[in-house]
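We just call them A, B, C and D in the order they show up, numbering each chain from 1.
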Amino acid sequence: MERCNPKLAEIQRISGECPVFGIWGHEKATELTYYGLHALQHRGQEGAGIVVNVEGELKAHKGLDLVNDVFKDVEFDQLQGHHAIGHVRYATQGQTGIENVQPLLFHSQTESMALAHSGKIINAYELRGQLEKQGSILQTSSDTEILAHLIKRDGQEINEKSISNALNELHGAYAYMILTKDKMYAALDPHGIFTLSIGLLGDAYVIASETCAFDQIGATFVRDILPGELITIEERALKSSRFAKQEKRALCAMEYVYLSRPDSNENDVNVHASRKQMGKELAKEAPAPFNADIVIGVPDSSISAAIGFAEESGLPYEMGIIKNRYVGRTFIKPSQDLREQGVKMKLSPVRGIIEGKSVMMIDDSIVRGTTSKRIVHMVKDAGAKEVHVRIASPPIEHPCYYGIDMSTYEELIATNHSTCEIAEMIGADSLAFLSEAGLEKAIVKDKSLNQGLCTACMSGRYPIDIKEGKKSPLCVIKD
Amino acid sequence: MERCNPKLAEIQRISGECPVFGIWGHEKATELTYYGLHALQHRGQEGAGIVVNVEGELKAHKGLDLVNDVFKDVEFDQLQGHHAIGHVRYATQGQTGIENVQPLLFHSQTESMALAHSGKIINAYELRGQLEKQGSILQTSSDTEILAHLIKRDGQEINEKSISNALNELHGAYAYMILTKDKMYAALDPHGIFTLSIGLLGDAYVIASETCAFDQIGATFVRDILPGELITIEERALKSSRFAKQEKRALCAMEYVYLSRPDSNENDVNVHASRKQMGKELAKEAPAPFNADIVIGVPDSSISAAIGFAEESGLPYEMGIIKNRYVGRTFIKPSQDLREQGVKMKLSPVRGIIEGKSVMMIDDSIVRGTTSKRIVHMVKDAGAKEVHVRIASPPIEHPCYYGIDMSTYEELIATNHSTCEIAEMIGADSLAFLSEAGLEKAIVKDKSLNQGLCTACMSGRYPIDIKEGKKSPLCVIKD
Amino acid sequence: MERCNPKLAEIQRISGECPVFGIWGHEKATELTYYGLHALQHRGQEGAGIVVNVEGELKAHKGLDLVNDVFKDVEFDQLQGHHAIGHVRYATQGQTGIENVQPLLFHSQTESMALAHSGKIINAYELRGQLEKQGSILQTSSDTEILAHLIKRDGQEINEKSISNALNELHGAYAYMILTKDKMYAALDPHGIFTLSIGLLGDAYVIASETCAFDQIGATFVRDILPGELITIEERALKSSRFAKQEKRALCAMEYVYLSRPDSNENDVNVHASRKQMGKELAKEAPAPFNADIVIGVPDSSISAAIGFAEESGLPYEMGIIKNRYVGRTFIKPSQDLREQGVKMKLSPVRGIIEGKSVMMIDDSIVRGTTSKRIVHMVKDAGAKEVHVRIASPPIEHPCYYGIDMSTYEELIATNHSTCEIAEMIGADSLAFLSEAGLEKAIVKDKSLNQGLCTACMSGRYPIDIKEGKKSPLCVIKD
Amino acid sequence: MERCNPKLAEIQRISGECPVFGIWGHEKATELTYYGLHALQHRGQEGAGIVVNVEGELKAHKGLDLVNDVFKDVEFDQLQGHHAIGHVRYATQGQTGIENVQPLLFHSQTESMALAHSGKIINAYELRGQLEKQGSILQTSSDTEILAHLIKRDGQEINEKSISNALNELHGAYAYMILTKDKMYAALDPHGIFTLSIGLLGDAYVIASETCAFDQIGATFVRDILPGELITIEERALKSSRFAKQEKRALCAMEYVYLSRPDSNENDVNVHASRKQMGKELAKEAPAPFNADIVIGVPDSSISAAIGFAEESGLPYEMGIIKNRYVGRTFIKPSQDLREQGVKMKLSPVRGIIEGKSVMMIDDSIVRGTTSKRIVHMVKDAGAKEVHVRIASPPIEHPCYYGIDMSTYEELIATNHSTCEIAEMIGADSLAFLSEAGLEKAIVKDKSLNQGLCTACMSGRYPIDIKEGKKSPLCVIKD
């Protein structure tokens, strides 16, 4: 009888939200990776790292902090090479060690490799067990290291073939980047749950999880990596191969709803534009009540939808809630009694705007409902006559097994409550969600294969079979 | 012949932008001051300090960093008292020492006092010289210390009378807060160039430079302190007195244009609302060209005006420029050659929104013109067909002598150039400024004495005589 | 009726142990001051600072840490000048603020000055009161600042005359160093309780509290500064003047007993040699019992005396106690229960040496007796058959009013207990102290006026009248 | 043709000087390990770590700093368990990464283990190659990790058998400690090049590289671990087994000469006593010249020998050189030109003692000769008439392959120069070394098998065959 190691379960929570970045063939590769990671900082704040190829030798610099702080004392001149990959870590409990900060760097007597990873391997527990039974020692709890051991199984060389074979043993949602002494690889899982895009900066190739990193460094977008595709970049050449048949595309809808930066394009769709359209669709499906005075959004991710809702409704869009820009890692959270006395955290209401108004408030999603409740009360305390809430995505009723940090079934408010019940629970005078059809309309411009979405957390239709993962249920459901 | 000490000139640049905060009579005074300063962080990022009255004894904690970082290791329990004042420091060159971080704390054998100050004393150089000739030793370069020495001149006690007399020797723009073992004082200069507001949190009195600090801690706004008024707070009593006749109110217009947080109210006018109205007035005075596709604003301070402009124009408001939230104190600025290759700093264009569009871009003001030029080019590089610029305030043609960090005559682009010339210099397809009348219309709701504005930097009409300061011209004009 | 401010009393505890250093006329003045302070580190570990004259401008760098750590990130190239003074701070409670770290730096519109000070001003409380009544604001609690205000009283210029007049108002034990834009001053009190020596390094003049600082930087000793002498150093000239009649020399005997480094010479007497001689005198006055096997010393300050005792006795000198070199500022002290279980702090016994032996243990002095008790028990626990203790100085029965950090009457074990009682209290099998005559014989080579000692803490004969200080008894006796 | 990876060669320099410590069965295991490592700090200053068993789970805390600084912010309460092992790292170039700080911690789904290691594996390069060919990925460059992979080869369980088998594959000098969820292991190589001792603290077992760690925590010495012995400690039981036949004991003579703390006993011989005896033997073999005035030692490690030399000679022992206690990690080394002007580093001469004397100077050993030269000159510059040097160990003519940080053949001054030549090179008026026979006489009390010494660096007689290592000469000889 197999038992699940709860500690491993906890630490396998490498999230799909963690972004990756890579550049090949630029004399300032390290600095550019720094700026690229900087543009991707919104996807994780817990750690960051860069591995750079300095004349064939791989050197790492990592830390448990924001990108700026990890690199603040680094002399880029002393870490300079032409090829580099980087990673930003999303915070999950239990992964506090520096050893889990990516890219992971592996040296052997014959060759070295660095790996960075986004996503989640569903059969990680099984693969790890197999490797350990063969005598492998895994030093981190990350899915990334599993791939490294699969590639090097039986002392194989690192090349397209060993990487493709190793990827084929993985079952899950992932985007990988690998750097060796003479090549850079990038691969996306066969369903394309996440994205990886290819760009050009002069002669240099750039790969990133979001296109906003291209704009940050002045690179030009070339194309997205396809599901099941393995990209190999070496001296003056980018080569494409397929390690797996492309499955029906199932790009994570939450990327558009709240994960990505509004200036990114994913699958040729601008994120701000799709959000604004979600707001417009929402205004059509669930219009503001006749007496609504103003439309406000919950910063930052709901602003675009609020603007769209206002535009569609003909109501004025106002800045009703302010997000304090200085709430960083060192902010001391107010104690419970101070919060009860009204001390605010990240968000403050704009009393001068809200007072006496019937407010139409747009939020991007509701997970547990606790944040929504706090915000609705905050807006009412600031003098709003009424607070009507519209959510620019469908109710989230199912957990994500592919790497997005969400709750279990028990914690998801929409799993067990009707919209009316939720409205009452959060204190809203009315509440409505965008339909799944509306969401799709807002995102998908062309209903070809390539623009399919993963809406598993809303619909329960999981594009990748999760049965295998179910074998070690504690390990998986924990996420 | 008197010579000016250039070093002192430089270090007298304590800015009017530095905010103050005070609370009297709350058992968590230190923590609440921390949150209050946190809400005021946007006015300065260089340093912060709190002095708290712990059972009659004044204790200070200060640092050269953001509020969060200055206090991150402080055990509030060990710095707890019922009365406290705090200060946030705005960055100016040459004031790198911790000794210049306020509140300043002065001990004598008989009594102690803490002072925090916002603004600028025009006759500081003369007063300092007089004090030194009498044997006083001033240890900092701040105007704040001058007031302390004037109060204690001839060994006087600290009370309303000695404070009023001392304030009457000052010539300039200022807001002062003083904390002693048994009282808290707050005073505003006779012209009321800046603001100080009074709030209540339970039984506790709160004073702050901006009302957003009240909302942060859940306090209720009571009233603004009047020009020439000295407020004395002691056990269970707030007392008002006048140390000077109130002059015609001349509240700094730049407070509304860009200094304040949009959720603050100043002189009963909400800042976001006034900015939105500036945008609307601007759209009336200088409408978008017929072919404009979208309206965008330069984040953060121009967003409200852009929304107003869009609403008035009937054009869609879009998020065309993103401000990176993670550009903090430790951000490594891209080198010149990387910037030329397109690496971005704080702002990124949203290519997916801008590309192929004729863009109406709203900014709050133009000082030197260099930033505007950079942004216009950035937007064009992201594919904008045309970039039309509208500025939601009049041209700045004159330096500020009252504490706002601006340029000298030579550096102000509008001093020597026409609007057409500026348009060409910054690369805009068209350019217009809001008129002074339009600005006033957007801010002033009631043309009573109390809502007069200081528009000296736009109009050259200085409400406080600067002749006295002219005696030591190098010292003053330097700002 | 005048009351004493207990807070001031506490913070006036600037100790006579704090060393000063100055150099005039060397292009690497800052670095050399760093090394000089480094050699003086044993006299204080709480803080350090340097003020350097950079082309007429005085610049300070200070910190609350060891010399190494205060300067670890300093680029000496950017703090380079030809003249500098420095100070190391001895730890006393209540002086935790950076503002009390010396040298203090005072700027005025006409001139600047830096002051560093060692010792204690007995009439500090009275002088401070006078100054405050005249309107002066003193920002630190140090005696150093008092001198600055006395010099600048009525706006006087800083020169030999104003400094001499100011020094004449002081009553106490002190060594001062002053640096201005064009001069360096050094002064010693009329009784010469402490020492200041003059050295030469090439053309550069060097002043230091101990000659070991000269050896550290390769400077040559020239002569000691005389009691009541004011040295003025300026471009190419050292000038001597007297601000007061020289009193009978009363150099602190504790300098030889434990304060100074063994490689220093004070008043032409080498400290190690004097200590070794104390050990020899002690062996003559109170020989080891016939059955003693070995002589050991308590590191570091008693090693020289132990060697002398062994040499005189013909007994082998052994390393019976080891001092851990790594017990620094960050060492976590063992909790009470761990100490009781035998966990050691700074000193460890050498079981292999001590076990089964009758041990003759030499210590330099006994103040409260608690440390002696701990060490005797530690040596017995390590297997010593007997522990005979000899103290290389007379019993300390009186507090020091001149700046050495000692206990009050109540805490001094020798005030109220006979030698036999003390032996019993500390667990020694026998105990003897060196006589005052023996101490003098060991130190004084030439009984001229200039080699007189202050033995007030042993004899009760205070060379400087302490009556004036008695006016505010709490303030003074506290030390 | 096999090529050596120079990077690995460099990073294999885990030194035999690195001490280990372990404790089993004490409720304050973490704190006691901290104090134990503290006592062993003299053997390494670059890093330290502890792994503690918290109710079956292994938790690590490590850092690149002194023991004090690594643990200064650790709340021992939150890292508390009953069993712990610790390690201190000796500085060698190229091992700057935290990943090389021990104990190394390995997790698998079924069990975890922590390893700490002292010494050097001669066939490390070969073993690493074999492991990598089988698909193992080694993440550090340490010999320690090799043992972990050997133990887990083919997915074996961690037990006495798998550990013994793994140890038998190692060829070299080593002391290992292993901690698992329910056991603690300690093992010494078959020649016993280094030492491990067993102690008791109440019911708790303690293991340490030097017995001074027992005295530090109040533990009692029980016995030394034997060469080829594997100790297994579990709940209430210590079990001994042999994984290899004991070879002729070859305990590193340098342990006595300079590596160990004088209060440690190794193989029942007190280190201070042996050093003092080396000094006595030296005085017999190579007496001081008739005109010698004083005997001095180079602190710290030569003091004991100097005392012995003085005692045997009847000459006075003096403190002629002082070691500055505050030269820590942050000390800024004087630049070349300042050193040439006489600025001192760690050691200062005591001019008052040395001046005009004919000095007999004792040092423990000469490696490259550069330090000796510097010290002789320093003593002469301080006024010594003559400086006669005696070295309390034989000339070092051969490199160490077992883990002691020494030079290559080319750098060892005694390899290519006669004693007379060396005397001239270092500027000594006379020079002599202790003979190998004298050294042995000073250390070995009982010529039984168990007290044999390794004197390979002096004699060239290597007790462990180094041929195997010679296969990859660059890797090994580099040390």
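Keep this in mind: a contact is a pair of C-beta atoms (placed from the backbone, for glycine too) under 8 Å apart; a residue touches a chain by one contact, two chains touch by 3 or more.
Treat the numbers as computed from the prediction; the structure is a model and nothing was measured.
Chemist: In this assembly, which chains make contact with chain A and also with chain C?
Modeler: Chains that touch both chain A and chain C, as defined above, are B, D.
Chemist: Suppose each chain is reduced to the average of its Cα coordinates; what separation in Å results between chain C and chain D?
Modeler: Once rounded, the distance between the two centres reads 37 Å.
Chemist: How big is the gap, in whole Å, between where the Cα atoms of chain B centre and where those of chain D centre?
Modeler: Their C-alpha centroids are separated by 61 Å.
Chemist: For chain A versus chain D, what separation do you get between their C-alpha means, in angstrom?
Modeler: Centre-to-centre distance between chain A and chain D: 49 Å.
Chemist: Got the chain A residues that touch at least 2 other chains?
Modeler: Residues of chain A touching two or more partner chains: there are none.
Chemist: Graph shape for the chains shown, where an edge means the two chains touch. Line, ring, star, complete, or other?
Modeler: Basically the chains close up into a ring.
Chemist: Which chains touch which?
Modeler: A-B, A-D, B-C, C-D
Chemist: Sort out for me which residues of chain B touch chain C in the complex.
Modeler: 5, 7-8, 57, 98-99, 106-110, 125, 128-129, 132-139, 141, 148-149, 152-156
Chemist: Quick one: in the complex, what on chain A touches chain B?
Modeler: 28, 31-32, 34-35, 38-39, 41-42, 66-69, 71-72, 76, 201-202, 211-212, 215-219, 261-265, 270-273, 276, 300, 303-304, 307, 311, 316-319, 322, 324-328, 330-332, 334-335, 338, 341-344, 348-353, 382
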